[in-house]
Amino acid sequence: GCRSPSESDIAEKTASPDHAANQVMPAHRDVNQKPTPVKIERTSAHRVKVEMTAQVTDIEIDKGVTYKAWTFNGQAPGPLIVVREGDTIEFTLKNLDPAMPHSMDFHAVHAAPSKKFINIAPNRSKTFTYQASSPGVFMYHCGTDPVLQHIANGMHGVIIVKPKDGYPTDPQVDREFTLIQNEWYANNNLDDMTDGQPDYVVFSTKALKKGDPNTNGTTYSLKEKPLEAKVGEKIRIYVNNVGPNHVSSFHVVGTVFDDVYRDGNPDNRLRGMQTVMLPASGGAVVEFTVKEAGIYPIVTHQFHHAQKGAVALLKVTE
Amino acid sequence: GCRSPSESDIAEKTASPDHAANQVMPAHRDVNQKPTPVKIERTSAHRVKVEMTAQVTDIEIDKGVTYKAWTFNGQAPGPLIVVREGDTIEFTLKNLDPAMPHSMDFHAVHAAPSKKFINIAPNRSKTFTYQASSPGVFMYHCGTDPVLQHIANGMHGVIIVKPKDGYPTDPQVDREFTLIQNEWYANNNLDDMTDGQPDYVVFSTKALKKGDPNTNGTTYSLKEKPLEAKVGEKIRIYVNNVGPNHVSSFHVVGTVFDDVYRDGNPDNRLRGMQTVMLPASGGAVVEFTVKEAGIYPIVTHQFHHAQKGAVALLKVTE
Amino acid sequence: GCRSPSESDIAEKTASPDHAANQVMPAHRDVNQKPTPVKIERTSAHRVKVEMTAQVTDIEIDKGVTYKAWTFNGQAPGPLIVVREGDTIEFTLKNLDPAMPHSMDFHAVHAAPSKKFINIAPNRSKTFTYQASSPGVFMYHCGTDPVLQHIANGMHGVIIVKPKDGYPTDPQVDREFTLIQNEWYANNNLDDMTDGQPDYVVFSTKALKKGDPNTNGTTYSLKEKPLEAKVGEKIRIYVNNVGPNHVSSFHVVGTVFDDVYRDGNPDNRLRGMQTVMLPASGGAVVEFTVKEAGIYPIVTHQFHHAQKGAVALLKVTE
């Protein structure tokens, strides 16, 4: 179908038993696994242990709309991972999904995919070691076939690799957030995923430190509870567009990006940008100043995607 | 609908009373407001007064196809605004639309959207003040909900903020134009806008000085009356893709861009580009040389959009 | 139609006599011209003679799916052309298509399109001369109306213009490949081309030297016979996305691009990129290191396009 979430479409979804809900696999129908906290532990100066789960967890993606998501750790996008340039990552994935294999592809690392991004069977666990040698804001995702389906069902997230010499603008930055853009299709519907007609396009934020907001990719979370900043602050956002299908025209209403680092690499600096083009799986570090109190919407300026949910709010107070 | 302007589609539009024409709101059905000249006045060294209207005006977007456009000043895209980096803009919007509120979001300025990009009721007027502190080729648009609908119905345009130290290539440039890419959907049809299936994708040009051509976004204007230049000239185009939904692969046939400044910022220079990626709402300054007399088509190289109208011609003579 | 190559769609294609096969023009129905070797000859220090054909040739684009392609030299994409910055190209196109005119638009050259990219009638030949003054990885294509149809039917390819001073990273590069991304629509179906719903999105490689693999744009060639490299090598790929409609998010799984040159120009250098945004007709030189033996998939991270075929494999051995 070539649908938008219009009234007639909602009618169709309700009427047609084969459209959405019943795309849930029989083996997943009664599965709803409680979110599992991610384990991240620095074990030495340049070594980090990360333990994650693959699991099936219900996520409310729009008011009253629950998605039987394939997830990392019961979140979609999955938990934020932060490491430092040059770190070796010792990564364990425990597959709690009773019905199918999953895997992990970190864009941040150098590794032979056929050896280190491989499938892990249901109820099994595997550990892989690789290095994050390049700084940036990288996507991670399940790489199990069909990859499109695994990403679109929720198996995506972000790993930030902090540059060892920082960004030239570090001294000016007052506040940092992470934002992720992702698409949601009719539940587990590979046809709609392949057509590229999402039901929703959404933003989420992931906590950079304790107390920060941490949300799933929903149409409402960052509207009901805006990100918060103070007048005059320079804000940095680590952003990635995990897709799976569409590019993003990332824009903050009411300001201009003073600095942009493509894919988050300090060498790829742009100045004075109104909007940043993010390929599917592309990232950026964007920085801007908010000069007045008020509400600043954050959107993809491909506005049909904003219409389908991709709006977050930033609330700036004195 | 998932339509192209094919023969069967034209038949469908004629046959189906609910498809296109009747999407015009009852309150707009007999409204066709005459274009209003924009007022731009420099009131001091670093201060510019701009007065614009929101109004409903019929625009012929294809031969024999009239769109009941929601516009700024009766043009779509709206009138070109040119200011200088650092200028304060004192902006007044008079809403002549009898039926609904409109607003103005300038990408060029720093302002709290919740205070300075706010709605103006029918037959009311408001004034806002903000600074254009960053140079470039910026989009402006109505920011009233649903923003997708207000942009797609015609409420978009360009504001150029001239860099205070110019561009490094200023001395070589012989001739300048402005080009804007926008999409047109079935008249006021939010479903088609949300689907992202435009009936037309078009270019327009806006006068940079008296006597320059100034057109609406149509399939034919810049084919029937090409832009004009002389052999050997270095041409600069200020370009912006106002969308609302799609990105643009901006290309001039028969040449290579010697220099490109992303979003029009002198710091974001690229060299020797065949095609420039413009996100939705993204701009650029592009420069190229035309070495022989003849006709040079200008396109988005996403060729189904060229097929739907997005072709302008540049005529080069001895 | 707004189709993906799902099971129901395959049924539809088989059942509906007007969908795919019968879109072949009557004049082409029994035409299947044997591939013609391209002629490239350096005639002096800065002058290259290139002779190509326009011809109609059956190409197996998916297992068991033959496309009646409009081609250059019986390949789709057409043969790779490599010249040096500053070369004058003396180009001859012989149109072997019995039924319609074709033409050639090289993005690499400065030329008046209305004089040097013009139509050549069936069974006629013409010669044009122009200069490749800018280095990079350029698209070429038939420019005959409707251009969308001529490109989508297979009339596209790549011309590499080697920079006269090379790339700063030349000394580190161990191995080079060319990759091209293109879309295939239902056979000669201008409606589907205009809708922008491809049946397939594919990669091909073209030989840079004798013995290198040289393939058409198919779903399977670069999976069955991967590109090959050795552990520890720095790989360079000359890549172009010839479209005709969609942008590409070019990505190699298991590594990060150490260096990227947008459109292949040495001045447009990016570092440490996970994914490169290619506009329609955009190119790049990308370089990366493969540190472990194994299989590295190459994709567009707009994953519905990978799902439709756009996956190539790189096999790395000790």
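Each chain gets a letter, A, B and C, in the order it is written, and its residues are counted from 1.
By our rule, contacts are C-beta pairs under 8 Å (C-beta built on N, C-alpha and C of every residue); 3 or more make two chains touch, one makes a residue touch a chain.
Everything quoted here is computed from the prediction, not taken from an experiment.
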Graph shape for the chains shown, where an edge means the two chains touch. Line, ring, star, complete, or other? complete
Given a C-alpha superposition of subunit A onto subunit C, how large is the rotation in degrees, taken in steps of 5? 120
In whole angstrom, how far does the Cα centroid of subunit B sit from the Cα centroid of subunit C? 32
I need the residues of subunit B touching at least two other chains; which ones are they? 2, 197, 247, 277
Contact footprint of subunit C on subunit A as seen in their complex: 1-2, 105, 107-117, 133-136, 138-139, 143, 146-148, 151-152, 190-191, 193-197, 243-247, 262-263, 265, 267-268, 277-283
Which residues of subunit C touch subunit A once you look at their complex with the stated criterion? 2-6, 197, 247-251, 253-256, 258, 270-277, 289-297, 300-308, 316
